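Heads up, the next two complexes both have chain A, just with different partners, chain B and then chain C.
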Partner chain A sequence: MARRYDSSTTTFSPEGRLHQVEYAIEAINNAGTCVGILAQDGIVMASEKRVTSGLLAPSKTSEKTYKLCDHAACTVAGLTADANILIDQARLRAGRYSYQYAEAIPVEQLVEHVCNYKQAYTQYGGLRPFGVAFLFAGYDPHHGFQLYQSDPSGNYSGWKATAIGANNQAGKSLLKTEYGAKPEGGDGDEEMKTDDDDAEEEIRVPDVAEALRLAVKVLSKTMDGTIPSPEKMELFTMTLDESGKECVQRTLTVEESKKVVEEVEAETAAAGDA
Partner chain B sequence: RMSILEYNGAAIIAMAGKDCVAIAADTRLGVQAQTVACDFRKVFKMNDRLFVGLGGLATDVQTVDQLLKFRQNLYELREERQMSPKVFSNVLSNILYEKRFGPYFIEPIVAGLDENNKPFLSGMDLIGAPVYTDDFVVTGTATGNMYGMCETLYKPDMEPEELFETLSQALLASVDRDALSGWGAVVHIITKDGVTSRELKARQD
Partner chain C sequence: MDTVFGVKYDGGVIIAADQGNARSILMYQKNLDKVVPLSSHSALGISGPNSDLVNFSEYVQKNIALYELSNDGMKLSTHAQANFMRGELAAALRRGPYQVNVLLGGYDAGAESSSLYFLDYMASLQKVNYGCQGYASSFCLSIMDRDWKEGLTEDEAIAIVEHCMKELQTRFLIAQPNFIIKVIDKDGVKVAKFGADPADT
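== the complex of A and B ==
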């Protein structure tokens, strides 16, 4: 039924859908998972590295995490070749903004620029959409730390925690229960409600260290449930330095990732015993 | 009416020492004969081992500085490494020649330490013709004076402290006989261990 309306990006189907965009989103669901978590003092992004061959030579420091400017970075799920074009666009935009305004580009504006660029390929030209989803992590003095997700349609939204790529639904549901839950042995789902609480649940925002552990936990779940191995994970953090003005962007070393994985394994073992 | 390159006034010198470079500039901003500011920056740090001195029309000095930062930023994002002084010098030369028939009215000098911590110096004209030296480069409205002072005072392989003294004396003596430069000076000494910047006490006339 969709067949007649799915070969052109720029044509709606009778149900009001753009099939090419939906197929692009499908392409991403086969890619390595990326998890993003907003923390009190920063942002954590964990990605699954899919090494297709042991013979591959590493060309850059990462195939998943990319720095866009001093105060923003992104992780990629989908077609790397498509992603490279968009990342370059984002870098140019951030640079041109700084050149024009002598100020750092607000994170949402950067995300919106990339998304507007993607949207054009769903409306004009007869070209296919980009088969990439991004998680953008950034800091600006107006809105603090922010985490955004974008997809091939050019749509974007801000998140406290989210996942893209393979098994992202499992990742997102785990995040829904665990993000902001109070830490103690046993399940963190239930929260004690006192008379002082409002109708909405209190979310206790984790710090970066805790967010890292949660990210690793989510990634282990999405990575086909195999034992989490630090070599297959890329852990990235964005925080502020002591002056509180400059961003610090770091990809953890293998040793540091190992430590986090071990902490998570200890936690799950303890929770299992309790 | 004077040349557009002499509208605002400048005097900038860079010198090479033993495993170090130093770059110094006056801080006057004038509109022809009238002095308008005495804290105008003409030397810009691109990174801990790379400085560029821009002499000429003040608006182009600031614009080219911003352009260079833009290009350097993109390079570092794409290549995931710092730009070496030689590459930077070439990028600058490229930017200037692109405007061959409507140029930026600046004559820059580049001073830095390469990957092996060896000094790098280069100067170029307003359309990007480069010159590479191993002793000193000068630019601005008092180049005649500066060449004379440098040629006389310079000797190779000076340590940072002696380099600072030599460079400072060369600059101070040069600007005093030039109406369009002076009114304060800044000196930066670059070694592999870091940068030391000092303001010179200069004649305020």
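== the complex of A and C ==
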């Protein structure tokens, strides 16, 4: 066992691993799931809310979804207190960029800044890493809508669809088969998805409404197979307004979430009958 | 005293400047290029003491280059470059000001448009259709006021600049025999004309 290399966050083990970073990632696998899906006309982020007690006062703020600036937002899986520090950093960076350039920060630069901050805690200071994984959703004129995932190591990558938190592997495998698949009614003719170019061309990017339904479907899979009640999940969308210049960031109301859940239930029932 | 002009036209912008480098009673140089390319599609016409002229323009130029290197080739828009410069001028103002007055011209491929910005040493920033820095403004702004209109071609814009240069040569006390004229459009920054070759060292 490489136990003696566990405690120091900034030391490699003989196998070339940073154990503290790996343990931080483990901590996140116990947190409420977050699903992110890139759509034609926007981004959807759905999160599982873990309500620990009925006595908790209903909160106006979310423990899952946070606005970083007018054109970027994130969802959190992991230690909320750790997340708050990083979210402050992201907001500061976005604000400072627009102070310096009088322009919106390109999304990837914002993500990279947060990740560089996290990376420092894996290399200097003897402080533990942040126990948070993020899904970042943002829009900029350079690359349109973008979805990024980052973890305690400070690594990040761009995704069309992904999941973090509890049961994220199950969520990701469901996304792999369902994202971009042809709509229901084409079963039996569906070809096996292979890794060559033909498969790439067949991916049909969903619109926000369809992405919402897929996100709920994925959440229900990761939340132990039951279709979650709207109170247990938070559905967030980012789209552009009519002018095509300003972002619209919305968390769905309970009524709107209920509607999406009902649509998913109807879809699953129809597929079951077919 | 330096002269810098800028004229925006449809699809580009002209930046022109005299080529003299002088102090007190001495003329050091007659082929200085005071229109510094900041990026592939922007140039800065800059006036002031040679120390600040070079220091400030190189500082901005290298920061813009660093941005492109750090961000996978992403370009800063002309608007962003202008605001960055204004921030630097403002920060230095109450410490040790850059005594430079500039005209920034650039072309943005995304928006398919050109823009011209006036900045002075007090960190004023104004987007304009045409502008002058130095004594030239007393002679030439009125010419530009009359001649400039929306939808100019490159040739018409150069004609305005040459009209202004002619006026200075006739009426301005200080002789400025050499001017360098640069054009910034979708193809980048290129020299249209110079009085004395800046490369002649």
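For this structure, a couple of remarks:
Here is the rule we go by: the second predicted complex is superposed on the first by the 256 of 274 C-alpha atoms of A that agree within 3 Å, B and C clash if a C-alpha of one lies under 4 Å from a C-alpha of the other, contacts with A are read in each partner's own complex, and residues count from 1 in each chain.
We adopt the following convention: a residue touches a chain if its C-beta (ideal position, glycine included) is under 8 Å from a C-beta of that chain, and two chains touch if they have at least 3 such contacts.
Remember, predicted model here, so these are calculated numbers, not experimental data.
The superposed arrangement places chain B and chain C next to each other on chain A without a clash. Looking at the shared chain after the overlay, A:Arg96 reaches chain B, while chain C stays out of its contact range.
Once the two structures are overlaid on chain A, chain A sits at the apex of an angle of 40° toward chain B and chain C, using CA centres and rounding to a multiple of 10. Shared-chain residue A:Gln109: touches chain C; no touch with chain B. Of the two partner chains placed around the shared chain by superposition, chain B is the only one that A:Lys67 touches, whereas chain C remains out of contact.
By the touch criterion defined above, A:Arg128 lies against neither chain B nor chain C after alignment on the C-alpha atoms of chain A. Taken over all C-alpha pairs, chain B and chain C come no nearer than 5 Å in the superposed arrangement. The intersection of chain A residues touching chain B with those touching chain C, taken from the two complexes, comprises 99, 102.
Against chain B, in their complex, chain A makes its touches with residues 60-61, 67-69, 88, 91-92, 95-96, 98-99, 102.
Interface residues of chain B facing chain A in the complex, by the touch rule stated above, are 66-67, 69-70, 73-74, 77-78, 80.
By the touch criterion stated above, chain C contacts chain A in their complex at residues 71, 74, 76-77, 79-80, 83-84, 87, 110. Remark: chain A residues 99-103, 106, 108-109, 141-142 touch chain C in the complex.
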